[in-house]
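Structures for review follow.
The two complexes that follow have subunit A in common; it is paired with subunit B in the first and with subunit C in the second.
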Partner chain A sequence: MLARILKSPPVWISLIVVAVASTLPLYVSGYVLGLLTIAYYFGVFSMAWDLLFGFANEVNFGPTFLIGLGAYTAGILDSLYQPPIILCIAAGVAASVTGGVVLALPALRVRGPYFGLTTLVAVLMLQNFVVVAAELTGGEIGLTVPDVISINDRTNYWIALGFMTVSGAILYGLSRSPVGLILQASGQDAVQAAALGFNVTKHKLAAFIVSAFFSGLAGALMVFYLGAASVGTFIDVTVGVQVIVGAVLGGRRTILGAAIGAVFLIAMGEALRPLGDLSTFIVSAIALFVVLVFPGGLLGMLKGAREAT
Partner chain B sequence: MSGSEPRLEVTGLSKRFGGLTAVRDVGFSIQAGEILGLIGPNGSGKSTVMKAILGVERPDTGSVRVDGVEVAGWPSHRIARLGVGMVFQHSRPLHRQTVLENILLGLLPDHLLAVLPDPANEARARAIADRVGLGAVLDRRPSTLPFADLRRIEIAKAIARDPKVVLVDEPFAGLTARETSAFAKLIAEMRDDGRAVLIVDHNVKSISALVDRVYAMYVGERIAEGSVAEVMQNETVRRVYLGGALETAARPESSFRDAQTPFLEVEKLSVFYGKAQALEDVSIHVHQGEFVAIVGLNGAGKTTLFNAISGLRKYGGEIRRQGQALRGKSAASIARAGIVQSPEGRELFTEMTVRENLEMGGGRLEEKERAERSEFLFDLFPILKARARQTAGTLSGGEQQMLTIARALMMKPDLLILDEPTLGLAPVIMEQISKALERLRGRTDITVLLGEQNVTFALPHADRVYVLEHGRIVWEGDPSRFAAEVGERYL
Partner chain C sequence: MLFWQILIDGFAISALYALGATGFTLIFGVTGVLNLSHGAIMVAAAVAAWAAAGNWGLGPYLGAMFGVGVGVLLSLATYFLIVQRLQRSRAIREEEKEIFILTATLLWGIMIQEAIAYLFTNNAKTVLPIVEGVVTIAGVRTPANEIFTACVCWLAIGALWLFVNRTRAGKAVLAASMNPKGVTLLGIELSAVYVAVWAVYGALAGIAGVLLGMFLGVSSYSAGPLTASAFSIVVLGGLGSVSGSLIAAYIVGYLETLTAYLISPAYRAIPALLLLVAVMYVRPRGLLGRR
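Here is the complex of A and B:
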């Protein structure tokens, strides 16, 4: 069993990449480490999103609803009462999962595009709430969180890398497991999946909960890395778009590709920073090109090259 | 029949969609080890009965019992777990998984904690695959397999759950004669395993060798029930299934005024798909007001010919409309100028209502003219008027075909191209479409080019017939000579 998993190319390639990445703090600058730390959290956001889009076939336009709930709940709790950080994070995850269930239960009753629209509206509502309840949330200025997990660049980097690795392993494992198979069948043809005896709503709801769990956890961890939360970093629709583009760019239905895509987006954005505003345009153009020419995303591109030889 | 309790028992089943009663008071039972054929033309409600048994549609009244347990109104997955399996007609396997994994899916429990694979399942999946004839392709992806193997995957998935009752939707659609007998054997094996099998199909003939009894439906109700022989002898069934005698109403070619330059001329047309030649040296012509039928089996090249005329495909040779070459004109401009195709695939706007579909067709007409035209078409196809506010996707196949023709007619075409309008339709629906074409021909001076493999449908309307075989015109003439000269190949 274990031997078969280790033989799978995506798995051992990922393990090598993670091993190399874990040595980066020994020779790159703190600035780069900080950037990659953020990128790894985005990697988890994108992987959690791919579980819904790629497997359950539900387009969640509101990944930042789940991320924002986790981040802000953890941050607000810390700024009000300063309990141990671990408690704040647990509360953030709980809020995200609860919010996810409250959103998914009615949203899964509607079909197709309406699910996506419902999730989009949820983001706008959360964003509005944060702005209106400024006393609690810091409003448009943002929320300053008194505690951080560590002030050491390297520690923060390793935490983020470890977290992405563990999350990726769990999400990837789930996607390849029997329940992952049922989830794919439910996403592809709900009538046929039900005719095979699978409770489609239950499986999709479970996928939503898992997605919410990792989104909320990543959001909460990121708050205690940044020491601050703002609408622009956690909730804004553009953040959600970046999560989605990362997942699609990396390769739908691959989980691991989503992490690659998210890291790629942030790394490219940074590399092209000297170009100023043009950099966003170029990154978007590259993303658009890959998605249009290689609908399988970056991973699909690699696979195609391998099959061609 | 044995006196034991039936595996599946349906009584007093009714289902309405809005104002339409799709199924009224249908009831039958199936014993273990028995095959019942549920037959009926398109729109007869047989699919709705099947969906009601499976819980995809909730019956309004009536009962569905599986081994005595009332399941009417249950969600599908609970009914499935109680022992009802379904072999779908349109297979949609998981394309990124192998055949083996697709079959494994059918063996999985409905648990969220089924994270680790059960090694015993793989052996069972392999055994099932061997049984249905997939043993050699277990590690292949479904997209690399022929159609018949995809259907085998569906059967494998259904029997993987060891169902007491199996519903089979049109088991032989799209299969060759050899594949058909292999599938009949697989279904007979289900019976021999003691399952109750319900086969849903259009007509008795295709399933006569397999079924123990037949239940025939028409417009939502039972019309006959009994052995194959009894149902085939039944008068109502015969009237529904066997249309009238063949009559032709051909007008001589010399009666058309544009004898010198016919309205449409196709000259030495050749079309290639890659290296394969789909049409070779095809020359036909259609006069203004004439009804011309192109008869040919599937793959003969009818659709290719029509697509070339409509400007959708590149060709060698010449196509002229009233003497003007059509080459280089876009498909849209050819259609706007009055050569309108009613495509084989129907291509309706399924989310729009019947009326909206018609309005899309008449988009370029003045409002008053559009209203008049709609009325004319509702008169031609009265059933569409009754369905005017239903979305096109909810119509039966026959109604969708009528809507496709009506939408094309909304454009007030000079030449209407009808590509296989009877595809997949039961004779009674063909009869309705046929009547409409007859009225259309009588009341207007419309020009029609019809492509058909159903000769009995095509001949009564045609003034002239071409026979297309393997991309070539092999016969041309009067429909009255057709039967004597080439008929035996097609009837």
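Here is the complex of A and C:
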């Protein structure tokens, strides 16, 4: 099983890419490292989202609900009592998983667009709550967290890269495992999957919990990298859009593609920054072009090119 | 006094919400598309009207018409450039088309929004009103523009009702929403019906946008919240049900006005969201939803 996974091209290519990426701190500037650190966290957000969409076929419009819960719980706990950082992160993950279950239980009962809607409403609720409970959360100005994991660019970079690699490996392994196949079957034809004796709801709920776990963990880690939390960086619908676009851009149902798409999106946004206000326009236009012309995403494009030759 | 004020203000705001949501629900009911560039199209129409009426000196009437025209053009562009391509694509599986249309219209909306911000800055803009002055109703000094807004909204909704129920083309639209295959068998070109619906939708969104621009003012930042509020009203009323949307628009409009006047304007969005969550838990198909 392990030997077979190691032989498949996407896996060893990713291993080479990660190996190269881990040497980057030796010769690129701190600015690039900081950018990539954020991009790696977004990579995890997108991969966690792809597990729900690509495999369970559930469109979660509220990735930032899970991310924001993890980030804000960890941040608030730290700013109030300053326990060890690891405790804050654990609390953030717990909050995110709990939030995921609360959201998933009623949401999985409803179908199609209604599921997406419920998750979108959850984001709006959380956003309003953060703004209203300003004494606790810092409101629209944002929350300053007293502790950070490290002030060293390189350490932070390696933590993010390592975290993305481990999460990617777990999520990818999960998607290729029997559980992943059952999930995919439930997503494509729930009735038939149930007729084959699989508990569809249980598997989808499990997918939701795994997705919430990684979203919350990534959110909490990112808070302790940035040293601050704000609605604009963690909860706003535009952040969720970025996560979703990253996954669709990279190639849905591939997990690894989601990470590539998210990193690409953030790098593009930064590279085009000199264009000022037009940069978002161009990034959206490129993403729209890929979605319209290559619906398989960047990975699908590569696959198509290989099959054509 | 306060009672009348809430009653009048709430009525005008709700009428505006109703008009915005009607177009949104029409598109969903007939073509099955949730158009997430809705807010951006409304803002584009309003900003076009603002630029035409003020900057280019066309005056309020021509400006408003220009704004509505821009709404129709953008709506048709959304259909031809994005929705139609995705619906006909063979590379995407049927059950995934929904998410692709959602993602693509969302990106399209962001593009429109950013283009507006780039060309006209993202400052708030108030469109030159067609009617000016103040009238006093039941002791409340109300801007005449507010009453004008409510009237135009209801005229447009009424015209839509007449179109759907009393004209041949409208009946084809209604039939297409019930059974697309049956309509094709009767010899009606389905794609022509869709183009007509998108044009009507563009006009409704355009009118709503221009009125909003005259009444409250818009900026490119309003695009997202506008889509979200149309979305929640439509969900509350039941996806695809026009009368449900109208009722929901009034519930949301009055809830927001009541909260803004009696508690604080900062909390105005919250009661409606709570209501929406409650409805999703208890009756996910909405107040008058069919499914």
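General remarks:
In this section, the second predicted complex is superposed on the first by the 309 of 309 C-alpha atoms of A that agree within 3 Å, B and C clash if a C-alpha of one lies under 4 Å from a C-alpha of the other, contacts with A are read in each partner's own complex, and residues count from 1 in each chain.
Here is the rule we use: a residue touches a chain if its C-beta (ideal position, glycine included) is under 8 Å from a C-beta of that chain, and two chains touch if they have at least 3 such contacts.
Because the structure is a prediction, the values reported are computed rather than measured.
After overlaying the two complexes on the shared chain, residue contacts for A:Val200 are found with subunit B alone; subunit C is out of touch. In the overlay built on the shared chain, the residue A:Gln188 is in contact with subunit B and with subunit C. When subunit A is checked against subunit B and against subunit C, the one touching more of its residues turns out to be C.
With both structures placed on the common chain, the touch criterion links A:Ser8 to neither subunit B nor subunit C. With both structures placed on the common chain, the touch criterion links A:Ala287 to subunit C but leaves subunit B unconnected. With the contact threshold set out at the top, residues 188 of subunit A are in contact with subunit B in one structure and with subunit C in the other.
The residues of subunit C lying in touch with subunit A in their complex are 34, 82, 85-86, 89, 91-92, 95-96, 98-100, 102-104, 106-108, 110-111, 114-115, 117-118, 224, 228, 231-232, 235, 239, 266-267, 269-270, 273-274, 276-277, 280-281, 284-285. Within the complex, the subunit A residues that touch subunit B are 1, 173-174, 177-179, 181-182, 184-185, 188-189, 191-200, 202-203, 206, 253. For subunit A in complex with subunit C, the residues that touch the partner chain are 53, 57, 59, 106, 109-110, 112-114, 116-118, 120-121, 124-125, 128, 131-132, 188, 237-238, 241, 244-245, 248, 252, 277-278, 280-281, 284-285, 287-288, 291-292, 295-296. Contacts from subunit B toward subunit A in the complex involve residues 54-56, 75-77, 80-81, 85-86, 88, 92, 94, 96-97, 101, 104-106, 108, 110-118, 157, 161.
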